[in-house]
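Each of the next two complexes has chain A plus one other chain: chain B in the first, chain C in the second.
Moving on to the complex of A and B:
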C-alpha cells in the first residue's frame, strides 16, 4: 500500500533505518578510534543517572518507617526480589535481587524512551545495547554455574542430559551445547532488540502517515482519522510491550541463573 | 512460592522458552550439518534429512529434560 501511495509523484516516504541513526553531538578521535556522542548515547547516560540517582536518593538514609521515596523504591525492589528472585531462583535468589532490580529498571527506562516525549527513540532498538546486556547475563549464569558445580561437572550437565542411551549423545550433545551457550544469549538479545525496533517503526509509520494524509491535496485527508487514533492506540500498546520486554529480559536472566544453580534430579 | 524452582508455576511457564531454544538449536545444528554435507557431497536431500533429524533429536531432548520428571 505504501508503495502505491508513493507511486504518484513524491508521495509518502516510509520510515527507514535512517530513523535510528542520529547525528553526533560531539565526536573526537583517540587511540585511533572515532568516538561519538549522539542522542542515543545521551539518553543512555541520562537513563543511568536517573536510575542511579533514584535508588541512591531513596536508600541514602534508610529509615525503619520509610519516607515516600524510600517507600516507592522499596516496593519496586520487593517486587523484583520476591516476584523474580525468590519465585524463579528460590531462597538464594535474594542474593541476585540487586542485579536483577537494576537490570529491570535499566532496560525499562531504555525501552520507555520509545514513547517518552523529547526522547522518542528506544535505546534498546540499537542492537548493541541488548547484545551487551545479554552478554552480561551469559557471563553471570555461566560463572554462577561453574562456581557452584566446577567447570567439568557444569559443562557435563549441560552437554549430557541424564537417562539417555549413550549412542544418542552423538545427536543430543551438540544441540544441548548450542542451545545453552549460543541460542540463549542470542535469543535474549534479539527478542528485546526486535520488539523495540519493530515497535518504533510501527509508531513512526502511523505518526508520519497522519502528517502525510493531513497534507494530502484531496479527500484522502479523512484517512488521517484512522491513522491518528492508531498512532495513539499503538503508543499505549508500546507501553505494554516495553514494560513486558523489560520484565521478560529480567525473568529469563533469573531463569538461566536458576538453571545453572539447580541440581540435576 | 516453593523452595524448589522446578515446582513453581512461573518456572513451568519459563520452561517454554528453554524448549523453544532447544528446538531451534536442533534445527540449526543438524540442519546446518546436513546443509554443509549436502553441499560438499552434492546430495540435496541431506539438508531436509538433517532438519528432520535435528527436530527429532531436539524433541527427544525436550522429552528427556522436561517430559519425564512430571
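Moving on to the complex of A and C:
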C-alpha cells in the first residue's frame, strides 16, 4: 500500500482521495443496486460487534459489587451519564445517557481505526457515516422538542426567539431557521468527517514521505529522520483528535437536545 | 492590457483555504486564551470550563473545516 502510494523513482506522489477507496471484498446486485463490502464496511461491522459485545459481557450478569469488566464499563457509562447527560441537559438528561454512551463509543471506535494497526483507516473519514449519525441526532433533537412543546410552538420558538425588537425578526428569522435546521446537522457531519479525513491525509503524507525518502538514491535518506518522528508524533496527536471529536459529537448532540427541551425564557 | 510580472500557478484552493483558516484560527486562540486565564485565576473551575471551552472550540473549528471540504466539493 505504502509503496504504491509513494513509489520511488518517479517523484513523490502525494496521497489523494484514492487512499480512501478500497477494492470490494464481495459485491452483488439486488433490487437493481450494486452492493459492496470492502475494508471500511468490514471495520464497521467489527466495531459494532466489539462495542456491543463489550457492553453485553460487562452487564450480562450485573452485581452490586462489580467485577473488573463491569467496573470499567460502569465508569465509562458514568462519565457520559454524569459528564454529558446530567451536566449538559440537566436532571432529565439521564434518560438520554444510553443513546449518548452508545453514540460516543461508536464514534470513538470508528475514529480510533485511524491509528490502529491493520485497520489504518478511520471509518468516519467516509462522509456517509458521519452524515447518517448527524441525521440521527437531527431527528432526535427535533422529535424531542416537538414532543415536549408541540409542533407549532417548537418551530415558533426557533423562528422567533423572544426578547428581540419586532423589526429585527426580518433578519433574525431566516438566520435562526437555517442555522438550527440546516447548519446544525451539516456542521455536525462535516466537523467529524473533515477532522478524520484531514488527519488521515496528514498521517499518510508523513508515512509515504518516510518510505519515499528511505528509497531515495542519495543523501536525501537523512530527511527520513525528520519525517519518521513526525509520523509518530502525529499519531499521538491523532489519538487526541479522535477522542476529542467523539466527545464533541456527543456533547453537541446533548446540547441540541437540551436546547430543544429548554423552556422559553 | 495587464501584464503579470510573475505568473502565478498552482492550486487557488490552497490560497482560499489559507484565507479561510485565519478567522477560526484567531477565534480558537481567543477561546483557549480565555480558558487558560480562567483556570489560572480559579483552578477549581476547570471542570466547568473544560466542556464549554471544547464546545466553543468545536463551533469555531467547523468554519475552518468547511473551508477544507469546499475544494473537494466544488473542485474540478
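Going forward, the second predicted complex is superposed on the first by the 256 of 265 C-alpha atoms of A that agree within 3 Å, B and C clash if a C-alpha of one lies under 4 Å from a C-alpha of the other, contacts with A are read in each partner's own complex, and residues count from 1 in each chain.
The criterion applied here is as follows: a contact is a pair of C-beta atoms (placed from the backbone, for glycine too) under 8 Å apart; a residue touches a chain by one contact, two chains touch by 3 or more.
Model, not experiment: these values are computed from the prediction.
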Contacts of A:211 with chain B and chain C, given as first, second, both or neither: neither
Which superposed partner A:172 touches (first chain B, second chain C, both, neither): first
Which superposed partner A:251 touches (first chain B, second chain C, both, neither): both
First (chain B), second (chain C), both or neither touched by A:135: neither
Touch count on chain A, higher of chain B and chain C: B
Chain B versus chain C as contact partner of A:50, first or second or both or neither: neither
Partner chain(s) touched by A:198 [first = chain B, second = chain C, both, neither]: second
Which of chain B and chain C A:187 touches, first, second, both or neither: both
Which superposed partner A:94 touches (first chain B, second chain C, both, neither): neither
First (chain B), second (chain C), both or neither touched by A:17: second
Shared chain A contacts, counted only where both chain B and chain C touch the same residue: 87-88, 187, 251-252, 255
Chain A partner contacts - residues on chain C that touch it in the complex: 51, 54-55, 58-59, 61-62, 65-66, 68-69, 72
Contacting residues of chain A [partner chain B, same complex]: 82, 86-91, 161-164, 168, 171-172, 174-176, 178-180, 182-184, 187, 251-252, 255, 258-259, 262, 265
Residues of chain A that touch chain C when the two form their complex: 17, 83-84, 87-88, 187, 190-191, 193-195, 197-198, 244, 247-248, 251-252, 255
Contact set on chain B toward chain A in their complex: 1, 3-6, 8, 10-11, 14, 17-18, 20-22, 24-26, 28-30, 53-54, 57-58, 60-61, 64-65, 68-69
